[in-house]
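Sending over a structure as structure tokens; questions will come in a sec.
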Amino acid sequence: MSISAPRYAAAPVPLQGREGRVLALFTREVVARFGWGTGLVVGLSYASVVLIIVVSAEFSSIVGGPTVGSFYFPYASPIWPFLVLIGATAVGAGCISEDLGSRSITLFLSRPIHLTDYLGAKASAVAFWIGLMSIGPGLLGVALVGALGLAPLSVTLPAAAAYLASGLLTTLFFTALAVLLSSVTTRALYAGVGMFGITLSAEIAGSAVSGATGNSAVGYVSPIVDLQSSASAIFQTGATTLTVPAASAALLIGASVLFFLVAWLRLSRVEVVGE
Amino acid sequence: MIPAELPLFELQGVTKEFGVQPALSGLSARIRPGTIGLLGPNGAGKTTLIRLLMGLIPPSGGAVRVFGYDPSRNPLEVRERVGYMPEHDCLIPSMTGVGFVAFMGRLSGLPKETAIGRAHDVLQFVGIHEERYRKIGEYSVGMRQRVKLAQAIVHDPPLCFLDEPTAGLDPAGRAEMLHLLQVLSQLPHRSLVVSTHLLPDVEGLCDEILLLNAGRLLASGALAPLLAGHSAETVIRFKGDAERFTERLVAKGLLPRREGSTLRLTLPAEGERAVFEAAYESGTQVRSLGRSVGTVEELFLSLVNAPLQEAPP
Amino acid sequence: MTGVIEAEEATKRYGEVLGLNGFSASFGAGITGLIGPNGAGKTTLFRLLVGQLHLDAGRITVLNHPAADGGSFRRRVGYCPEHFELYDWMTGSEFVTTLLRIDGFPREEAVERARAALESVGLTGAAGRRLAVYSRGMRQRVKLAQAIAHDPEVLLLDEPLNGVDPVGRAQLLELFRRLGREGRHFVVSSHVLYEVERLTDQIVMISNGRALAQGDYHRIRELIEARPHAIELSTPDPRGLARALSTLEHVVAIEFPGPGRLTVRSTTPEAFYGTLPELVVREHLTVTSMRSADDNLDAVFRYLTEP
């Protein structure tokens, strides 16, 4: 081993500001979050959604021309949001729990960064992948439809905007859920199980129970019902939904904010210097 | 860079309470740059003090200054100048050694290229060579300790907190780590605060100590004067029949205390002759003889003054 | 003469991973230090001694019983492992009492023994609190308490001072010495060699699954002949002392590193230390201090493990 410690006789290197450090966190996290699970799901979602969009636009153009509302169909069944849930779990379940389990979070927080920077970078990295998966396919499909001349610009542009908006809502909610559950356990597995468990039971409660009891207010409990409802309004399908779309959207946004807050509170109690 | 006259950190009447029991009360000290031993029994408040100095928690009362900054108001400025080597496991097993240390450097504000370069430098210094390209999950205990040290110094901080740096290391690893810390402590403009239960390590390494007990400061300042003011015992290492040797010493009016292969006693002036006489008479070999100025351990125990059989709260 | 613990070509492997590889050693009465690098096989040896593991080859006996024996013989052995999952929901006294009752002690006796054991390790005040709130040092002491509570003849301690603060270390070292004086036999494994020195001269050194050396570590040092001992002496009359010492044939070099100091190099330190007291007394010499950087366990360890 070298017996002389590295000496930095030159003037001290000007340190990067906060943006540089957060960027470092973000880029590293984006790379770290990508695993075979993520890749599989992203690939699947693109393939499936793009295919379906193009095929059905093909059919609609034969029938009488697609409208913005006809692009709503990915949200029409719960399968699409569940696909995003699978992806969100693959990406996000381990994002903070790994750091808690290895206790490397204590090193992160001993650095000159705020907890907000850490949490923000983690959430953004997770949101990056979830967004890629939930917004990307729709936009790509719409672009192809436009390129193939299957629908006019007056339809494709609003449709693209609608995919963007509903995709953002989807991304926001699932990111927040992943971040919250990942921050309360040291095992990614538990966080993942939690994400499924909560969404699944909420969906059963929301759609099945409300269908059985005829009480549509219960529908608000299920995030998937809320997503479908909001998307339905965004795509101007004109169909009647289980819940009031505006309220559903507000609920999703409110819940997401709450999840982030709880995650922040829980992480602020981590003992950086301890036994 | 910090001019030598400015204090490293200052505490003025610092208190910290968690609920009813104060973790720290009335701490005042002015510590110069150098190598400082942070000592105290479990629960004395060492961990709380480090948290305060790093700006992780605010004090309940009093003032804290690190490099002139108030850590509760400017935590980031303080932490830019501070490195931390925890006792607990804290490495990411899926990252490579160099990748991890460089990443930590970037989080401390180093630009990307600089961070990578320095990561290589510090890993070379701590003695991790080709293994730096392998994942940390494959490292041995000794290597992990060294990576912990590397990430603490990668951004060249003028102050570094080291929590039990030799924990878990075998004797060879301990010796190497202590050697590394020695080299680090000789560098100008680099201060270390070493928190450890192994007091002889402090003797070899630290110029100053901060001794805490039950949230209060028992002693602070340069080590040598503190030790010199302390009553000195002589330590004899011997080989042979302990009973006969002790008996001969007692016959000469001395009162030795046996500890394993050593005897401790207070010698009058020029009492060494009596020791050799006793050895000759009992056929014992004297292996070492030293009128020490008092070890850190003796100082510690007498100041903390714990009665036997009482556990810390 | 059989030792308290005897091992003969003991071998234990975990698949490809080495535990012990033909380990042969004899642990005598009193306190023996077990030292070696990480991964050398110390914990494997302990677990074999308490019967948690079984040998693949060779023999190990404890107090003349095969180590793998069960039954009442087990009560004569106490074990304080390095890693021990404690039952956090129990209090200190409940924990020790429960383990004693599992051993077969009747309730009242178990409670009393637990109380006495916790007192010896200095946990009387905390005995009523749950283990979940114990600090590292306190958890270490609880482990020790359960190891000594049943009054075993043989105590196996794996890194017993881990995480204990200096006050506790001094107290526990004194406890070990006291128990050793009472006639118990200890095997203590520790990386902090100067603390092992404060307990005993007798060591067994293990490396790579084999015994590297055993016995009095001074003697072991002497056997490493290739390196003459360097002994530093302080005296008001270095020249006079040097003159007297140079008459000894095993002294190969004498240096004067500074005023009032002398460094002597000897190829047979046993002879040097043996004749020094007589020389000092006969020639009316004055030696105010004496030390050898070589005559300690760290040096022995270094010389034996360096390639």
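To keep things simple, chains are lettered A, B and C as they appear, and every chain counts its residues starting from 1.
Methods note: a contact is a pair of C-beta atoms (placed from the backbone, for glycine too) under 8 Å apart; a residue touches a chain by one contact, two chains touch by 3 or more.
The model shown is predicted, which means the values in this text are computed figures rather than measured ones.
Using CA-based centroids throughout, the chain positioned farthest away from subunit A is C.
Taking the mean of each chain's C-alpha atoms as its centre, the chain lying closest to the overall protein C-alpha centroid is B.
Subunit A and subunit C have Cα centroids separated by 57 Å. Subunit B and subunit C have Cα centroids separated by 24 Å. With centres defined as mean CA coordinates, subunit B is found 47 Å away from subunit A. Residue positions of subunit C with contacts to 2 or more other chains are 135-136. With touch defined as above, residues shared between interfaces to two or more other chains in subunit A number as follows: 275.
With touch defined as above, subunit B holds no residue shared between interfaces to two or more other chains.
Partner subunit B is touched in their complex by these residues of subunit A: 1-8, 12-13, 15-18, 20-21, 24-25, 28, 32, 98-99, 102-104, 106-114, 272-275. Considering their complex, residues 39-43, 140-142, 167-175, 197-200, 237, 239, 259-262, 270, 272-273, 276-277, 279-280, 284-291, 297, 300-301, 304, 306, 308-313 of subunit B touch subunit C. Residues 1, 47, 50-51, 54, 56, 75-80, 82, 84, 86-94, 103-104, 106-112, 114, 118, 121-122, 124-127, 151, 153, 156, 161, 163, 176, 180, 183-184, 187 of subunit B are the ones touching subunit A in the complex.
Note for the complex: subunit C touches subunit B at residues 31, 35-39, 119-120, 122-126, 135-138, 141, 162-171, 173-174, 177, 191-194, 197-201, 216, 218, 270, 273-274, 276-278, 280-281, 286-292, 295, 297-298, 301-302, 305.
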